[in-house]
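Two complexes, one shared chain (chain A), two partners (chain B, chain C).
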Partner chain A sequence: MKVVAVTACPTGVAHTYMAQEAIEKECRKRGYEVKVETQGSMGIENELEQEEVDAADVVILAVAISIEGEDRFEEKMDAGKVIQIDPGEVIKHPADLLDKAEKL
Partner chain B sequence: MEQMQEKGNSVISRELIFIDEEFSTKNEVIAFIVKQAEATGYVSEFKDFYDSVQRREAEVPTAIGYQIAIPHGKTGSVKNPFIAFLRTKDEFQWTADNEEMVRLVFLIGVPQESPGKLHLKFISQLSKKLLDDEFREKLLNQTDKGKIFEQLNSIEI
Partner chain C sequence: MKKENKVFKDLQKAFNTGVSYMLPAVVVGGIFLATALATGTATDAGMEVTNPFMKNLLDLGIAGFSMMIPLLSGYIAYSMAGKPGIAPGMILGYVANNPIGESQVKTGFLGAMIVGIAVGYVVKWCKTWKVPATIRTIMPILIVPVFTTFVVGLVYIYIIAVPIGAGMNWLVSVLGEMQGGSAIVLGLIIGAMTAIDMGGPINKTATAFTLALMAEGIYAPNGAHRIAVAIPPLAMAISTFIDRKKYTSEDKDLGISAFFMGLIGITEGAIPFAVKDIKRVLPAIIIGSAVGGALGMANGVEALVPHGGLIILPVVNGKLWYFLAMMIGTLVSVAILHFTKPNLVEETQGKNNEFKTNSEDTEIVK
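Presenting the complex of A and B:
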């Protein structure tokens, strides 16, 4: 399975990166391909290209603020392949999130 | 990989590490740490930074599970970016309406204006490290403050 994700939180110093780590860790454990873009205080890092989004089975938007480049995910949204979730939830329960992603 | 070693201007300070403190409420803990941060010169105005941290808490409390809370504020009264660490003697409930129990508190202060990417990188790397079971276990059991300082300061960026 291929997973792409964006993480972002209001201050952008801690939750953004913890959510990234939580998603990457859980995906690695399950042997999924994963790429997580962070939109935090250091700007946009690990930016997702449109092709990478298109190739993904699931998109996770672990964001508590509005993000840059949301239009990249429109097609996936229409296809029902996008999960929107609070970054805090992802940090606490990464396994639940990936269980949900599998069922999409 | 290089490690962060900026003398006199470090994100982690021995003076902002506290272990087995007898606090049992979020407000006490935050007020205590902010006062120490002011005393050590990381923060210039207690009230401004305290309010900033509490505003963030009011949005969404920062207990993140794993017995950890990461209250933080970004404001002009933060003179140098820092992470203070406080471990309480006993775990306590972070907020009344949230069952999350906490023993490890990392209070993060970031200046309003571009604190420098190296510092931010360090803070983000340390935050990620908190999801590492072994790293957390050490922080819960270590009795030597100096060792905690070394552990926190050894994060690779």
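Presenting the complex of A and C:
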């Protein structure tokens, strides 16, 4: 399964990157392809291209603030393939999140 | 009820976005101000900065602080309505933070949040208008900003400003005068809120509250908050160092990184520990942070930047007690963990062992 995600939290220094790590770790455990874009206080890193989003099976938006480039995910949103979740939740229960993603 | 929930969530996201964009300005303001004021001389009128170079730093700091409110309101509006929300949001935030109208009212942080939301809704509505193609081009540059600023601005000046201004003045005077008992209670509450979700929404509310007060020149609650942010990770770290039998080797590695996170005020370092053992960790860190916060308030500690831990010591008023409150709070948490956490079951390779356990926590599968 191909997973793409964006993580973004208000302060943008801790949760953002911890959530990124949690998602990547859990995906690697399950053998999924994963790419996580972070929108921390330094701006966008590891940016997701439109093709990467379109090719993904599931989009995870682990964000607590408005993110840039949200229109990249419009199609996936309409198709019901996007999970929006608080970054804190991701850090605490990454397995639950990926379980949910598999069921989409 | 689902719709109400969505509105609430969108507002929360909008506030978070606003705060996210505003934080660097607050940090700049705080650091420059603190540096300049540290070189000033105390007079009856407050700190006076006479050195011309320091005066420039002071002005840079003041500029930073004056930008933080427009950034907040501008980006609250951006979160709700996108790019066209930024300009009217910032303009009205500036208005909220400076005296305006016949009564020359200032509504500060609270007013900025309100106008940010108002601008967000108005711009969102503007975006739904059906306009002919020729007008469409001037919508974002002319019509939307002018209309929004006009509507929200006038409502603000004539209707909102006076009651909110009164409310803010009341809040500021109550908190500014907090001495003795009530200051300690506030410190306890701030400390507890900071630890209870370690960087989550309750913690962020405490941050927003202390930031609002900083915008009004009250730094003591922030002092309590910044003491409290460091205590959960420091407490977990020290607990792993001292009570080695209670933690796995993975925990001990986590403890080292939590230690550094505590030094720079990143509460989230405690999350992995809380996840593993929430009913023991959470009460311990809440009590420790509450104690630390209360000690800070009781001894007039003030922190001038929106960041915590020992790394900000240079910009703290009351350095000794900042440090002591943090240490005492941490030790309280460590002590609680020491008495409540069981030793891990000792496992040696292979063979049958007698499992010595002193808690209901370990499950033995027979």
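Assume the second predicted complex is superposed on the first by the 104 of 104 C-alpha atoms of A that agree within 3 Å, B and C clash if a C-alpha of one lies under 4 Å from a C-alpha of the other, contacts with A are read in each partner's own complex, and residues count from 1 in each chain.
The working rule: a contact is a pair of C-beta atoms (placed from the backbone, for glycine too) under 8 Å apart; a residue touches a chain by one contact, two chains touch by 3 or more.
Fair warning: this is a prediction, and the values are worked out from it, not measured in the lab.
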Room on chain A for both chain B and chain C (clash or fit): clash
Which of chain B and chain C A:10 touches, first, second, both or neither: both
Touched partner set for A:42, first chain B, second chain C, both or neither: first
Partner chain in contact with A:22 - chain B first, chain C second, else both or neither: first
Chain B versus chain C as contact partner of A:88, first or second or both or neither: both
Touched partner set for A:104, first chain B, second chain C, both or neither: neither
First, second, both or neither for A:64, with chain B first and chain C second: both
Residues of chain A that lie at the interface with chain B and also at the interface with chain C: 10-11, 13-15, 18, 41, 64, 86, 88, 91-92
Complex contact set, residues of chain A against chain B: 10-11, 13-18, 20-22, 25, 40-42, 64, 86, 88, 91-93
Contact set on chain A toward chain C in their complex: 9-15, 18, 41, 63-66, 86, 88, 91-92
Chain C residues touching chain A - in the complex, by the definition given at the top: 12-14, 16-17, 19-20, 23-24, 78-79, 197, 199-200, 204, 261, 266, 268, 271, 275
Contact set on chain B toward chain A in their complex: 56, 59-60, 62, 64-65, 70, 72-74, 108, 110, 115, 117, 120-121, 123-125, 127-128, 130-131
